[in-house]
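There are structures below to look over.
Here subunit A shows up in two complexes: once beside subunit B, once beside subunit C.
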Partner chain A sequence: MSGTADTLTPDRQRLELGALSAPAVLFTVGMIAFPLLYTIWLSFQSFSSTGRQSFAGLANYTRLVGDNEFWHGLWVTLALYVLSLVLQLVFGVWLALVLFHAKRLPGVVRSLFISPFMMPPVVAGMMWLVILDPSLGAANYILTSFGLPPSDWLASPSWVIPTVALIDTWQWTPYVALIVLGGLQSLPPSVYEAAQIDGASGFKTFQRITLPLLLPTIVTATILRSVDLLRFFDIIYITTQGGPGNASNTLNIYGFRVGFEFFNIGYASALMLTLTAIVFGVVLAFNRLRGAVAW
Partner chain B sequence: MRVRTSIAISLARAGFAVIAASVVASAASAAEFDWKKFQGKTVTFLANNNPVSQALLTHKADFEKLTGITLKVDGYQEQQMRQRLVTVMNAHSDEVDVFMTLPSREGQQFAAAGWYAELASMTKGEVAADYDGAGLSQALVKAGTFDGKLTSMPMNLEGPILYYRTDIFKKCGLEPPATIADVEAAAKKLKACDSGVTPFVSRGLKPALPYTFSNMLHNIGGSYIANGKSNLCSPQGKEALETYSRLLRDYGPPGVVNYSFYQISALYRSGRAAMAFESSNELRTVMEGGERLKDTALIAFPAGKAGQVPTAIGWGMAVSAYSKQPDAAWYFVQWATSPAVQKMMAVQGIAPPRSSVASDPEYRKWIDEEPVRQQWQAALDVLAAKGSSEVGYPIVANPESREFIGQAVQDLILNQKPVDQACADADKGLDALIAQK
Partner chain C sequence: MTGAPMDDNWIRRLNTLQLIVAGVIIMAPVVWMALSSFKPSFEVTAYPPTLLFSPTAENYAQLFKTTPFFSYGVNSLIVTLGSAGLGLLFGIPAAFAVSWTRISWPAILTLAARMAPGTLFLLPWYVMFRQVGMIGSYTALILSHAVITLPIVIWVLLPSFDNIPRSVFEAAQVDGCSVTRILWRIALPLVGSGIAVAAILAFVFSWNYFLFALVLSNGDSKTLIAAAFNFVGEGSTQWGVLMAAATLIALPPLVLAALVQRWLVSGLTLGAVKG
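Right, the complex of A and B next:
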C-alpha cells in the first residue's frame, strides 16, 4: 500500500480491496466450483467395474429413469425427510417454548436438553444401535417390562424408517429448538402486552401471535434441516447400511454404494447431482416462502 | 465353476506351479540380500484396521529397526480403506505403496483394473534366505493369482466356523452336530429345551452374509455359476437359500437381518446364543473376559450332501502398481509375510497361512494351553485342507454380486418372497453382472 485510506482515491481503494480479497474469493469459488464441475463431468462418463472410463453422454441420466432402485431411494429419502422434519419442527417449537418460559431451569438441565445435537452422528448411531438391538437392547427390555410386545426396530422393513426418523429427531430437535428460541427472544413484548390487555388466552396468544411471528424463524430452521435431511447418510450407514433389504436405502446411501462399493463413479455422480438438484429445489422453494412470511 | 482351493488340488495344477516355483526360486538371490538396502526410504501402508493389521503393526518398530525404512501407516476401517484406495488408484497416485486386500472379494476387480503390481518377479528378486515362499499356503497364494499374475501375499487364514456351547448341549442331551441337518435338529431341540438362549446365530446383514452362506451352499453341493449363468435357482441353490434363511428366521435372534460379526460375537459372548456360525477371527473377541473359555467347542461347519467345503480366505498384502518404490514396498511385504513375523502374529490369535508356523513348538505350546485353541486349530486345518475361497460370484463385479445373494436370503428371512421368486429375482440381476466385461 502506498498511502493511508484517507489519501487514496475511491477507485484506488476499490482496486486495493479487490486485490486483497481476491485470493480468498478465488479459493472459496474454487473449493465450491471445482468439485461441482468435476462431478458434472464425471456424470457424463462411464466406468466399468475394472475402472475403464469412456464418454457416456446422457446414458447415466437415462439409466436413472428406468432404475427401480433410484425411484425406491427417492421414495425412502422423501419419506424420511417429511417424517423427520415434521417431528423435529413440532418438538423443536415445543422445546423452545419450554426453555423460553422456564426461566428458572438450571443451566445443567438446559445443557442436557440441547446436548444430543453436539454428539457426533457416528456415536449417536452406535449408541442407538445398541439400545434398539432386539435381543440385547434396552428398548425392548423396557417395553417387555411394561408388558408390551418387543419390536424389531431397525431390523423391521416396516419400522426402519420411523425408527431412523425418531433417532434423527432425538438428535436434531434441540438444534431446531435453539433457532426457534432465538426467534422467541426477539419477538416484540408490546404485542404480548396488548394481547394480555385484550384478555387473550395462552393458546390463542400462541396461535394468533407467537406462531405467525415465529414463521420466518421456523422456515429458516426448515431450510437448514431440509439440506441435512435430504442428504441423510451417517445414521443410516451406521445402523442399517440401507437395510433390511433396501428398506432404508436413501438416494445418498445408494449413490455411495454405487460409487465406492461397485466403483461406478459415473452413475454415482449422476445420482448425486440429481439429489443436489432436489436439495436446491427444496431450499429455493422454502426461501421464497420465507420471503412471503417475513414481517 | 466353484474354485476348490485345497492345497493338494491347487499344487497339482500345472499353470499355478510356475508361480509356486517362482516363490521357491527366491532363495537363489538370498545370498546377496541386504535388509538395509532401502534405509532412509518411507513406505506408506494402507491398512484395514482389523485384528490382522493390529497384530502386525505391534511389530512395526522391529521392521523399521531391521530395515531403516520408515513405515507410514494409513489405517481405516475396511470400507473406508477401500474408498481411500479407489480414490488413490483412480488418480494413479503413488501415495500408497502397500495395501491390504481381500482377493476373494475384490481380487478380480482390482487385477482387471491394473491396480496390483506383479509380485512373482519380486519373489524371484531380492528375497531373504529365511523367507520360505513355498511354505505359504499355496491355496491362498493361488487365490491371490489372477490370469497367472501373483497379486498379493497371504497374511492369515480365516473362515467361518461353528462355535457351540458344550454346557447347553449337554443339558439338552445333544451331541455335536455332524451334518447340516444335525444343526437344524439341534436348533429345534434347543429352542424347546432352553427358551433363554438363541439356538443359532449367523450373519443376516445383506453384504456380510455371503461369507457364511457360501459355506452352506458349497456344503450342500451348490455352485454360484453353471454354464455361464447364475445358478441360485438350482435345486442345491434353493436348498441352501431355504436352509440358511430358515435357520436364522426360526432359530435366530430377532433383528438378525442386521447381524454381522459384531452383533454375533456380542450375543454369543454374553451367553445368549447356543450356536454361532462366525469367523475364526472372532475367537479372541468371543473369548474376551474368559466366560466362554470353558463352555465352548469349535468345529468346521458340519457337512452337507457334498461333504465339508468350508470357506477359507485370507487377507493379502499387495504392492500398488503406481508405487514409485515397489522394491522397498516388497521389502515390507516380505517382512510382514515372513515365517518369523507370522509366528509372532499367530500367538496373538491370527491364524497363520503357513504350515511351518502351525507346527512350530512355540505356537503349539500356545495352542495347547486351552482346549478351545486346539479345536480352533483343528477347524482351521479343515479350512486349509478343504477350503474354497469362493465368497460370492467369481466375477469382476464380486462386491455387487454379494448384494443380490444377500437380498435373496433377506427376502426369505423376512418372508417377503417365496424361494422361487427370491432366487429368480437374484439370478436376473446376477446374470447381468456375469455378462459384464
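Right, the complex of A and C next:
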C-alpha cells in the first residue's frame, strides 16, 4: 500500500492543489497582468499617424493634465456616477422594503424583477432610444398628455446625463434591491420586537434600527455599482456615442475613441490607467467604509 | 386593539400597490419593445402611439432578409459557449483549490479583471492580436470573453464548495483518494446546482458583453451585440426592425435567467450576500 501513502503526503497534496488553480492563474496572468504591464509601457509611447511608435516619456500624462476633454470627461463620469448611484440606492432600498413586506414572492414575479439587468445594456439602450425619441417617442406622448412639457432627452446636451442616469437606474435598481433584500432577510427579528415593545413608529424603526443595520449591505451594493458606473460605456455608446457634441463623453468613451477611432494608443493607455486608478481608489475607500459600519 | 387588524390590512394593500407600481415601471418598456416589434411599419412610428394594432411578423422577416442576423447569432453562440466553457474549465478546479486551501489570492486576482475598465485590456489586446493576425478570430473573442466568465464561475462556486463539510473530504483522503479525484468524484456532484448557476451567469454576461466584440470582431465574426450598433445606425427609420432585433437579442439571457432565478441572487453579488 505504499502508493496510498504517496498520495497522502502533504507535498503531493500541495502540488495537486497548485495544479488545479494553475490554469486560472496562468490565464489571468496572460490575459490581464501581462497586458496591464504592456499598457503601462504603451502609455509612455507615442504613435505617429503612420503607426510608428517612439518613446515619449511623460508626454502622454502631461498632455492629459492640459487636455480640456479629459477634465470634461472626468466631470461627466463623476456627475453620471453620483446621480445614478444615489437614484439606484434610494429606489433600491425602497423596492427592497416593498419586496420584503410582500413576504412570499412567486417565481414569476422574481423573474420579472431580474429581467432589466439580465438583458444586455445595449438592448436597454436600443429600447429607450425608441421610447425617448423627441418627436415620436412614447415618453413625450405620456408627458404631454399629462400637460407636462416634452423633453429632448438624449438629444439635449443638458438632459443627456440625467436621461442616461435614468436608463441605468431603470436597469440596475432591481439589482440593488435584491442585494438589500438579502441584507433585510438576514437581520435578526429580535431587534424589531424590542422596537415594538418601545412603541416606536414604522418610520422611526426604519430610521433608527433598520437603516443602520443595513448600512454594510448598502455599502456592498455601492461598491458593486461603483465599479460599473465609473466605467460607463454600453448604453452611452449605443445611444449617443458621447454626444450630443461631447455632452455625455465619459472617460471610458473618450479613451475608447482616442484609442480606436483616432488610433492614439499611447494617449488612450494613459487615459485608461488614470480611470482604472480612480475606480480602484473609490472601491478601496468604500471597502474601508464597509469595515467601519460593520456590526 | 380592534383597530390593529384593519391597519395591517391597509398596510398590506399599500404595499401591494407599491409592488404593482414598481412592476409596471420595470416591465412597461420591455413590453413596449416587444409590441413595437410586431407593429406594421406605418404604425410603429404613429403619433400618438397606438396600443391596439393587428400584429405582423414582417419586421422579423425583414430583419432576417436584409441582415445576416442568423450568422451573427451563430457567432454570438460560438463566442458565448466557448468563453463560458473555458471559464468553467479553468474556474471549477481553481474555486475548489481556493476553497480547500483558504488561499484566496487566485480568486482575488481574477476579480481585479472584473473591476478594471475593459478598454484598459482592449488596448494591449488589440496591439497584440493584430501583430499575430488574430483580430476577427473566434479564438481572440473567446479568450477575451473568458476574462468576464472566469471570475463569475469562481465566485459563484466558492460558497458552494465552502458549504461541503470538511469531514467528507477527510474521509475520502483516509480511503486514499487524491485531491483531484475528490474534486471529480465527490465535490462536483455535490455542487451541481452551483455549477448550473455559474454556467448560466457566465453565459448571460458573456452574451451581453459589448466592448470586446466591438473591436476584436470583424465582418465574419461579428456577434449580435456588436452588430446591434450597426442596426441602430441603419434602423433609425425602421423602428419595427430595430425592436425585433432588440427583442431577439434579449431573449436568450432572459429565458435562461428565468430558469434559475431562485438561485441567482447570491451568484449575482459575487458572494457578497448569501441569498
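The definition used in the following text is that the second predicted complex is superposed on the first by the 261 of 295 C-alpha atoms of A that agree within 3 Å, B and C clash if a C-alpha of one lies under 4 Å from a C-alpha of the other, contacts with A are read in each partner's own complex, and residues count from 1 in each chain.
We adopt the following convention: contacts are C-beta pairs under 8 Å (C-beta built on N, C-alpha and C of every residue); 3 or more make two chains touch, one makes a residue touch a chain.
Keep in mind that this is a model prediction, so the values were computed, not measured.
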Residue contacts on subunit A - larger count, subunit B or subunit C: C
Touched partner set for A:F262, first subunit B, second subunit C, both or neither: first
Which of subunit B and subunit C A:A79 touches, first, second, both or neither: neither
Contacts of A:L136 with subunit B and subunit C, given as first, second, both or neither: both
Contacts of A:V293 with subunit B and subunit C, given as first, second, both or neither: neither
Partner chain(s) touched by A:A24 [first = subunit B, second = subunit C, both, neither]: second
First (subunit B), second (subunit C), both or neither touched by A:L112: second
Subunit B versus subunit C as contact partner of A:P120, first or second or both or neither: second
Partner chain in contact with A:W153 - subunit B first, subunit C second, else both or neither: first
Contact residues common to both interfaces of subunit A (with subunit B and with subunit C): 135-136, 239, 260, 265
Subunit B partner contacts - residues on subunit A that touch it in the complex: 48-52, 133-136, 140, 150, 152-157, 239-246, 257, 260-263, 265
Residues of subunit A that touch subunit C when the two form their complex: 1, 3-4, 7-8, 12-13, 16-21, 23-25, 27-28, 31-33, 35-36, 38-39, 42, 94-95, 98-99, 101-102, 107, 109-116, 118-123, 126-131, 135-136, 138, 141, 145, 170, 174-175, 178-179, 181-183, 185-186, 217, 220, 224, 227, 230-231, 233-234, 237-239, 252, 255-256, 259-260, 265, 268-269, 272-273, 275-276, 279-280, 283
Parts of subunit C lying in touch with subunit A, wherever the complex brings them together: 11-12, 15-16, 18-19, 22-23, 25-27, 29-30, 32-33, 36, 45, 47-49, 89-91, 93-94, 96-98, 100-101, 106, 109-110, 112-128, 143-144, 146-147, 150, 154, 173, 176-180, 183, 204, 207-208, 210-211, 214-215, 225, 228-229, 231-232, 239, 242-243, 245-246, 249-250, 253-254, 257-258, 261-262, 264-266, 268-270, 272-275
Subunit B to subunit A touching residues, read off their complex: 79, 82-83, 86, 89-90, 109, 112-115, 198, 205-207, 253-258, 263, 266-267, 270, 272, 396-397, 399-400, 403, 407, 410-411, 414, 416, 436-437
